[in-house]
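Sharing a structure with you now.
The chains carry the letters A, B and C, assigned in the order they are written, with residues numbered from 1 in each.
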Amino acid sequence: MNAILKSILSLGFVAALLRVTTPILLAAIGGAISTMAGSKNLALEGIMLVAAFVGVIVSAFTHSVWLAVILGVAAGVAVASILAWCALKLNANIFIAAIALNMLASGVTVFLLSIIAHDKSYSSSLQSLVIPDWNIPLIRDIPIVGKILSGHNIMVYLAFAAVALYSVLIYHTPLGLRIRAVGQNPDAAASVGVSVFKTKFIAIVLSGVLASLGGLYLSMGYVSWFGRDMTSGRGFIAAAAVALGVATPLGTMGASLLFGVVMAISIYMSSLQFPAELIQVWPYVATIAALVVFSVRDERAARKKTGRDVVGSSGSRQ
Amino acid sequence: METEDVILEVQSITKVYTTGVVANRDVSFSVERGSIHAIVGENGAGKTTLMNVLFGLERAQGGRLLLNGKEMEVSTPEEAIRLGIGMVHQHFMLAPDLTVAENVVLGHEPRRGLLLDHSRAVQVTEEISAQHGLHVPANAKVKDLPVGVRQRVEILKALFRKADLLILDEPTAVLTPQETDDLFVTLRRLKTNGITIIFISHKLKEVKAIADRVTVMREGRVVVTRTAAGMSEHEMAHLMVGRDISFDRLPAGNAGDSVLSVRHLSVTSADGVPLLNDITLDVHSGEILGIAGVDGNGQSELVSVLAGLSQPSSGNVSLLGSDLTAMSIRDRHKAGLAYVPEDRLRDGVAASSSIEDNLIVDRYDTPPYSGAVLMNYPYIHDKAREYISSLSIAVQDSRASIESLSGGNIQKVVLARELSSKPKVLLVDQPSRGVDVGSMETVHGLIREQRDAGLAILLVSADLDEVLRLASRILVFYGGQITAEFQDVSNLQPSDLGPYMLGAKRQEATV
Amino acid sequence: MTDRQSPVDNFVLRNFRLIRTIVVILLGWFLAALVILAISRDRGTTLRSFFLGPLSSRVLIGSLFETMTPLVFTGLALAIQFQAKQFNLGAEGCFFIGATVGTAFAISTRMPTALHIVCTIAVGAAAGAAWNWLPGYLKAKYGSSELVCSLMLNYVALYLGLYLINYHFRDTAANEMTSYRLPTTATLPRILPGTRLHIGFLIALAVAVLFWVFLYRTKWGYQIRMVGSNINFAKANGINTGRVIVLAQVIGGAVAGLGGIIQIMGIDQRFLYESLPGFGFDGIVVTRIALNNPLLVIPSALFLAYLKVGGSYMNLMGDVPAELVNVVEGVIILLISSEALLETWRYRIMMRKASER
């Protein structure tokens, strides 16, 4: 037990924590933006996967990390745009459309992987690149603290910067105000000339940008390959983080870190003679537990307000 | 009208809906600048349609609008706003979790570079607020504010967009008497600041209190436009409803004992507004008790409580002695209360289900409709066919989904279901709304038949003709209270009911 | 009133959803053909194997019905949930749990054949039912999202199931990660010599018919449909909507679990999944094409099976990867869900009809 505690309270653990939290945090901030606009994006999973794939392919063929990132984001934005179009213009149920896109993403990526890399599981035949770490000058030389703050992958810093940027966007820009208005009362926004369609579309596209960055980190962050379905439900964990954090910047970050802690601990536990599967299961169990706690709390608050049950109501939290 | 400064001239506006309803017929009048101009009429008179045309929410087929002398073409609210017209709807358009200032500047946000200039937004809000004496807490979230203050925010929104013509649609419907007084103070102040106000209402006392000029509308037409001082409430009421009915009245039936008793029923809104105020009434077997009144005077609350959709703040309801007040909707139905709701697609049927499935929703698990495990669909099918033909519902297959039927036919299905459960009392809310003439005849016929057979019927309708056509006894509702009762309806005309419906008159002793 | 219009117009309006579904399916097939034409270097063989492959031999036809079997089960699972408007996508996890728990039971017990088969199947179905209870309960009691809950549970099912098999029933003698073989008393007999087609196929058809009867001819099915159609109206008429919500999901879980264990007992006869096999997600495609009707699930599952078998055969004989099928599936779902698709066509017909009145 002591060994476990010691390893948890180590620098290595912090590094691992940041590593696993980053993709979830990026996708979650994206999810928060679209949720604030009243359009929950459950296609985060598929967007991450597509971006991860495109990043690897592009970097392998162009030998440029940054081109890979740009095109990866572009691919993710394309998927997000399809979601927005189907849900907003073609009246598709946004959840079904999202699930469909996740399926499509999975199919398309493996399809193309098999054609390009001649392997249906991994892109190991391709030499793809890695997004570099950032050793912050000056800070890295500070004893102890320097090691904690400096030397992480650029995307890690980007993820936390995204939290700050999101906060500024949503509370201090006109676009953010419109996003919140559209999410709270679309009629109110429309009555003053704000285009509900345009605002929601932009919000969904922004969520696509961030989820793409999350996906790119998965395949180009500390590994340099793409594996089939490598997102393994992280997009859904990000969606759960958004729900838990009520889509607010700090709340979403907190929830993402919470899930990150669970995942990091499970990695550390795997060094022991403990069945891997019983460790890998914990993040998902934690999500369900969070969902239960959250729902109970919500329902109690709602019941106090109306004085009546909210049992089996059709307008449930999705 | 020659030397007066006219801000808006309405010339021969005609609006016909695709259903054939003529909502506005050759409507003409003018509004003086800096005045408070009221438009009055009962439900269906065309006031709301006219305002929608003015605000760009609907397009007229004929006529034109002149704003400041220039012809006005508006096809969207944004264009109307740009021309200086602002509208405060009955249902407020506010984002609940945003502050007052944020709601006011939404769409025209003050910026500092790329960022939102919060302090400027608050500043601007407070400036307009002070300018017009409309005090609002700029940094409070809208959801925490009482209704009266929220309405002020709506008005501020319009003023922020430089409206000089403000339209208010039934603004006092949701206000307490105190808030109504505050609103009038506000409106007078706006007037002195040069803002012109169009005020839609059916409450004659208020109209007399606040308006300079009044346009009376009836059945899509303008009846007259005159100064408010030049008309008494009585006259206004008469002009709003005055017409002689030429159809046959129902021969008076034999009313029996009380079946449904309502005692001291009150419903107060969350904001403290009394929506229904100490109502006591009885519905007897063999009678159709008609509730007449303009929409929004407590009738929907009454029906909602009676049907079991909501709970009253105080008072009780009983059916043949058993207390219904705490009973569920299903239990009330079992006790003998049948209900034909106003919004039939939402509350009366399962829209995407079949006609037959809708016909049996209250009895699907009882024999002979159902056995121990399997339901008896051949029987259900035959029964459905019976109802369909007896009510001449134009449909081939009872398995078709009910939403494919016309409004009138859906109404017939709902009635068929409710009546076939052999109820003791029937609640009917706006039965012919959205129903074609032919189906309306059938529906009225059914209701009459049931009355003759001894059923107790409560009919709520904003359509005066319908009430006069069917009711054996009439209660008039205004402001959540009963303002009149008419036992003998054989020679009653709309103009007799008008004053009571519009708050101009009130009977002394009402049951 | 309806007689004077064009019969084509009437037919289109009445069966609009069906027509739209068929159009979307044809579009999907068309897309597949386009992709093949674009990337294949041996177009003839590839096209032929994709579109005609499944019918080209007895083995392949048998393979068609084999592949169809689990799809019928998961399609039914989702159909009944969607009929109650419950967006529970846990069919995948329930399938997996039914397969693992059923396998564990079959391997650990000894019984005569008929009994062993019946009990194993029952255990698989029960496991699936229990697994889907939680999302239903949380939705009914607290209004929480059955979508997120069920999706998470899919992953929990995966890891717990893998743990169960890999740590307690692993056949260490075998080369891959697989469980011990099922005792022959717990395997399903084959029904078409020369193929792997097993009795599970007939069970699937029977269950589909049973589901249709349940949904359209029993009181509980009626309640489920009413809850799906207008939940407030159903509640007002005394239907216990909370119980219906749980019931729909538990039944869905049961039939998904049933599908899982039958797949093991019929085809693999040992547990060899290392990740989620995807039948649950395919079930979404099946039920959406079938418009949530249990009887239509059968042709719909057949269609999807045709795609899949064609896809693998194409993968084998031609040079295009089988994953093309997943792409087609995704496109079909996306288009089917876009309610406004072809809406202008329908609108025009309705306007034509209205003006003729």
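Points to keep in mind about this one:
One rule holds in what follows: a contact is a pair of C-beta atoms (placed from the backbone, for glycine too) under 8 Å apart; a residue touches a chain by one contact, two chains touch by 3 or more.
Please read these numbers as outputs of a predicted model, since none were measured by experiment.
Taken chain by chain, the contacts link every pair, so each chain touches all the others. Comparing mean CA positions across the assembly, the chain most remote from subunit A is B. The two chains most heavily joined by C-beta contacts are A-C. Rounded to a whole number, the gap between the C-alpha centres of subunit A and subunit C is 29 angstrom.
Averaging C-alpha coordinates per chain places the centre of subunit A 47 Å away from that of subunit B. Shared contact sites, meaning residues of subunit C that touch two or more other chains, fall at 232. Subunit C meets subunit A in the complex at residues 39, 85, 87, 89, 134, 138-145, 147-149, 151-153, 155-156, 159-160, 162-163, 166-167, 227, 231-232, 235, 241-242, 244-245, 275, 281, 284-285, 288, 321, 323-327, 329-331, 333-334, 337-341, 343. Per the touch definition, subunit A reaches subunit B in the complex via residues 168, 172-174, 176-178, 180-181, 184-185, 187-189, 191-194.
Listed in rising order, the residues of subunit A touching subunit C in the complex are 42, 82, 86, 89-93, 95-97, 99-101, 103-108, 110-111, 114-115, 120, 229, 232-233, 236, 239-240, 243, 275, 277-278, 280-281, 284-285, 287-288, 291-292, 294-296, 298-299, 302, 310-314, 316-318. Residue ranges on subunit C touching subunit B, taken from their complex, read 1-2, 213, 216-219, 222, 225-226, 229-230, 232-234, 236-238. By the touch criterion stated above, subunit B contacts subunit A in their complex at residues 77-78, 81, 89, 93-98, 102-103, 106-109, 111, 114-116, 118, 157, 161.
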